[in-house]
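The structures come next, written out as structure tokens.
In the two complexes that follow, chain A is the common piece, with chain B as its partner first and chain C second.
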Partner chain A sequence: MARKAQSHLPQSIRLRSGNQMMAEGALQAGCMFFAGYPITPATGIFKTMIDLLPAKGGIALSAPDEISAIAYCIGASMRGSRSMTATSGPGWALMIESIQYALMTETPLVVSLVQRLGPSTGGATQGAQGDVLLAEFCTSGGYTLPVLCPTNASECYELTILAFTWAELLRMPVILLSDKETGMTIESVDFSSLPRSTAQNRPSNFAFRDLGTHNRTERKGTYYFDALHEIPPFAPVGGDRKVTATGSAHDKQGRLQKNSTETIDVLKHLEQKISWRRDDFVSVVSDLQPSATTLVVSYGVTARAARSAVQQARNAGERISLLVIHSLFPIPVKKLAHALQGVDTVLVAEENMSGLYRSVLERYCKGAKVRGVNKIGAMITPEEILEAVFEEPWQPA
Partner chain B sequence: MATGITSILPIHSTYLVDNPRFPFCKGCGHTSVLRRLNEALVELQVPPHRLALVTDIGCIGLADGLFKELHTIHTTHGRSTAFATGIALADSVLDGGSLKTVVLIGDGGAMIGLQHLVHAAMLNIDVTVLICNNFVYGMTGGQGSSVTPECFVTATTPYGNIVPPVDLCTILQASHAPFVARTMATDPSFPELLRQAIAFKGFSVIEVLELCTEFAVPSNELDGRKLRDIAGRNGWTLGLLTDRKDRTAFAERWNEKQKERHQGPVPHDEILRPAGKVPQLKHALSVVIAGSAGERIQSSAGLVCAAAVASGLYISQKNDNPVTQGSGFSASELWWSPEEIGFTGIQRPDIVLVTSADGLRDVQSRSIPERLGSSSAMYIDDSLPAPETGGKLHRFPFRQVFGFKEAALGALVFAVMKHHVMSREILQSVLHERYRGNVDKLFAKVDRLEETGMEVRA
Partner chain C sequence: MHQAHEMIVSGFGGQGVLSLGQILSYGAMIEGKEVSWMPSYGPEMRGGTANCTVIVSESRISSPIVSRFDSAVILNQPSLEKFEGSVKPGGMLFFEESAMIRPPKRTDIEVLGVPALQEAVKLGKKQVANMVMLGAFLQRCPLVQSESILEALKGVLPERHHHLLPLNKQALMAGIEFAFRRERSSKRTLAGPGTGIPVERHN
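Right after this comes the complex of A and B.
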């Protein structure tokens, strides 16, 4: 949308945490249902929804635990409303059962996972990026779940809208992977630069409030598709078309069925509907330099240190590229391949012990040496990334 | 039920599929439960697309396939009531409440999802739950459950159960469930109770005692009369146990509150518009302020950050405190910068402000004083011992001059002025707008602190 620039300074600023911006992004996306359970560092999302959603005509309420919270959201989504919950590692552990259910029943859902230091209850007020694989590979069978990862408060807003769009279009759960620093740090956010668009609708011939007055197009079952990648039109529970939903292995009608060709096709379809579209469901920021031989890859809060480190390295005369990945999954293979041209060293900076995301990126970085910049207990600093770039202690200019 | 829709619907003589084949063992109570359910729906002429049948895991969960036009949602073990609650909440609050939701759950699922039942009862959403209690897990080989009676022989209690069973109805009564009944699948009272439960506007639950003919019956020489005896021995009264008219449905109460919400005050959230085109500050400045809970450390930092934005700066603010929130230290880490802020960490802050012993302990625990270089300044309350630091240390009577509640804001304003972060006018105008205390008096104290040389030498 074209805006008239008044001056070089942003004109409408509010002080907001990433958590608040995620909630406001959800409102903008048309979220009408939020159920939550408080947990540091994700509580800010819950609290903002409690404060703002009812005034928009939606419902935000407190569930007795995380299992109930996510189940309420899935039920509400099946009834036809855009739904979201938010948690941190310990709550995520409880939600995994129902994430799988949402995947299997093709129910749109947005879950924000604001990471803290683990394992177990870990450190409630310590940041970390240790849940990236726990988020992605939480389903039996390792189905691709979209994971979007913001680096600042504005992106919390933008990526939440995108998460709703993806959840609705793909009819599946989408994970917003934030972290304590991104979620709880308050920043000056330029509201005039935020997107005004809402999220797109789930593919449906049947509107939530429109009961029975519709042109009745042929619909062959709750999960019907012809090609494996097709997304079945959504019909709400309570609408004029029978819904047969199940978390058990089923045919295209949603009928319980074991091991038939059709049932196995449904399982393949659950993966195909996302992997077939992997080049369309991408969000990265590529800051590439021609003839760069080093590529820094980062995400979330660490991407901010990476941006600063790359700038300083360039100031020191280094040819170096940066790839900040918002859409961690599906892995943005094409964007990565493009960034890798001419590169012999890849540095993946992330705040976890062993390089979790690096472990899945490596197979797409053939021909380049892949190293990690890793740390737990505190944010990775630009200096630590620079030391990895130059392989010697960094002396600031 | 939505008017206008009911009138155009044909009369429903059954909700079951043609020639239904009940997938249960011979004599299993589940078959009668589902037949009675169908009959109740026929009597009530529920529009089929206005009924959601939510089923749990276990034998009773196989009910889905038997119903033709109802919406069926087969869920995970124990969670059926929670998914049903989400459906009912969205339906009743967001769409006027035209849907009836019925849950079929076994005794195993009821115990796994006990809190879902409890919360649904507390909320009083329009959901009817049938707990099909046959005392064992039939699908996995007749293991005992939490409602297995004492002395009962099951696969997991081969010498007889020694743990007393839980009374689900009593728990749900204590959870304010407005409609609670207990009966046997074959009891003549069941159909009428079922009709009442489904017609009830709000949360209704029936615990249906059943015979598991495959496992419970052979091991325990069980029959209908013995089942009644077991109920009697455990004090499980049969019949309608609770029928409360005094509970309002959740959606109704929510909507009442909604009116209040719209009349309530709008939180103060003004857009900040940078006044000057060029900010006064030329380089990014990092600040750590630490004190005690209750000193308004974090809210004071927020006020000064708002002023920083109004003066054209970018800010970031990170707050920290112990998990108990209301005790011990309270701290904020701030960046004020003429350029967009990248990395928000602060290794060697330019300015450190400490207003109390809690605050000093906090910055010392993070080795902040010793990490400071000569270009950094540390301002601490004069009541505190001087820490070892590489920065310039200044001691001022912040608490004495500003008092406990204003020491943090006073110290911050003092530092902002001293380091020329922004103009006095902008800071004053933002504080006038957002701060409830006396801004003029505060500034007078800041001036006094600066002009009268109240710095205390170590």
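Right after this comes the complex of A and C.
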């Protein structure tokens, strides 16, 4: 049965890798500045940005190293440009000092961390999900940083836009946690189904005034807020107002201080501005089944194996729910609690040795038995998840 | 075709393993199918092992990783040892004849040795051996029309290599023809898929 080849392929369907889609998502989000240093498996983002961003009127720079790359991005963002960099584990290790500076100076920034096997330079071409906690807990003091984790090429696009929106609204760095398989696997993507929206703007003095939420007539400093959770309006460095940026403990004006009530308030504010909004900053895909007793939780590329496993388990008559988490941090506590109703066993599938994300989820799973499906050096297969579900070798139908 | 066809292409880096899979994926996409191409290779630029998992499906693909394959295209000995056992019973295994000291032993799958390198050398460029292999594969397993593959080549090959399109087409045709001739000769012995008799044993 010979079928005619269709050469009139709809323009909207293209073959894209997750890395390419992350770059395209950044362009859609209005990213105007990219600096990076090539590193497998994140190079696809770097290359695509270098190829596409200048034509959009933006700047894409090849930095001499990762420390410079993130520093360039912070500078560009302080001037008012939406900025992004991309790296993998070894480069991330170098960026950790500067990402804390971005957090402390309330600078919006998106960092794409495409995970590979560690520790150290590890396996450049080997996938892993071992940087989950290194990404989240990279700050002294353990401040909550939003971490978004896509499972396929289309989500790379969507979550990049979301990452920019969160970074801008919260005035803080947001981490896009991808992995080698998600970043480098090429898939068919239907562009007509992707969101056309751009990222939202960071709150500026004008926006605040126009919305009437603040009847401030004059600006009271770079980091001014009334309530701890308020986001200070943004003013660009080099604009018509004085802006002070410092990574050291400071008051609301940005003046170096230690141990004053105001300084401690500024530090509390860095955490409050996200934890106060934690129920709004959530992205999960819940595939829940009424009366399910087992819940599979997964993220990143492993979530795809989990989806396949859950489907096969249901076909075999098992009542089982699936929770795919995009927003790993802040932990989507309410969505998790909802998914946990009636569940006695939770399986957390992730490609690392000790169950990194499981270790932080466990405390929210009171009353259920929490087990891990873990592996390093190769992807977790649907069969391995099924074996954990049934606690016996899985015989495919 | 099944709902989904899951295959592995494996060999040394430089043999065109990843591009073979990519061209096939692109061709399937042109025909409106869902595809996933997942590469796996070592840190070496050349000479390391490389493979890619290709899934072509009529519906959305959930997991890009699978443990068992409907078909395997094998270009070197270590890959054969690694993947021969992962082909589903009744599946297909294609291998580069010149690369094997110990050929495949399975009898519950269709096995086809292809002299892809030899055919490519005849055409004057051994780099197109992967296209010979792809041709042979498509003849036995018509996942994608050869017209779509030619269309895909235009998309996958950079502009500067477009003068090589005719050569690639020749290579594809050489592979198709090889498998076609082999089919005809094997029909007389009632071998082939579904009969439980391999097309050919190489002992």
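In this section, the second predicted complex is superposed on the first by the 374 of 397 C-alpha atoms of A that agree within 3 Å, B and C clash if a C-alpha of one lies under 4 Å from a C-alpha of the other, contacts with A are read in each partner's own complex, and residues count from 1 in each chain.
Assume a residue touches a chain if its C-beta (ideal position, glycine included) is under 8 Å from a C-beta of that chain, and two chains touch if they have at least 3 such contacts.
Computed from a predicted model, the values in this text were never measured in an experiment.
Judged by the touch definition given at the top, the superposed model places A:L256 against chain B, while chain C stays out of reach. Look at A:A55: by the touch rule set out above, it reaches chain B but stays clear of chain C.
In the superposition on chain A, A:R307 contacts both chain B and chain C. With both complexes placed on chain A, chain A has more residues touched by B than by the other of chain B and chain C.
In the superposition on chain A, A:I13 contacts both chain B and chain C.
Once the two complexes are overlaid on the shared chain, A:S98 sits against chain B while remaining clear of chain C. Judged by the touch definition given at the top, the superposed model places A:S140 against neither chain B nor chain C. In the superposition on chain A, A:K242 makes contact with chain B only, while chain C stays out of contact range. Once chain A of one complex is fitted onto chain A of the other, the partner contacts of A:F33 are limited to chain B, with no touch recorded for chain C.
When the two structures are aligned on the shared chain, A:M379 is found in touch with chain B and with chain C. Counting contacts as defined above, chain A residues 7, 9-10, 13-15, 40, 124-125, 181, 184-188, 301, 304-305, 307-308, 311, 379, 381-382 meet chain B in one complex and chain C in the other.
The part of chain A that touches chain B in the complex is made up of residues 7-15, 32-33, 35, 40, 51, 54-55, 57-59, 61, 63-65, 67-68, 71-81, 83, 97-98, 101, 105, 124-125, 181, 184-188, 191, 208-209, 211-212, 237-248, 254-256, 301, 304-305, 307-308, 311, 378-379, 381-382.
Those residues of chain A whose C-beta lies close enough to touch chain C in the complex are 2-7, 9-10, 13-15, 40, 123-125, 181, 184-188, 301, 304-305, 307-308, 311, 379-383, 396. In the complex of the two chains, the chain C residues touching chain A come out as 22, 25-26, 29-43, 61-68, 145-148, 151, 155. On chain B, the positions that touch chain A within their shared complex are 2, 5, 48-50, 52, 62, 64-65, 69-76, 79, 82-91, 93-95, 98-99, 115-116, 118-119, 254, 257-258, 261-262, 267, 269, 271-274, 277, 302, 305-306, 309, 312-320, 323, 341-345, 347.
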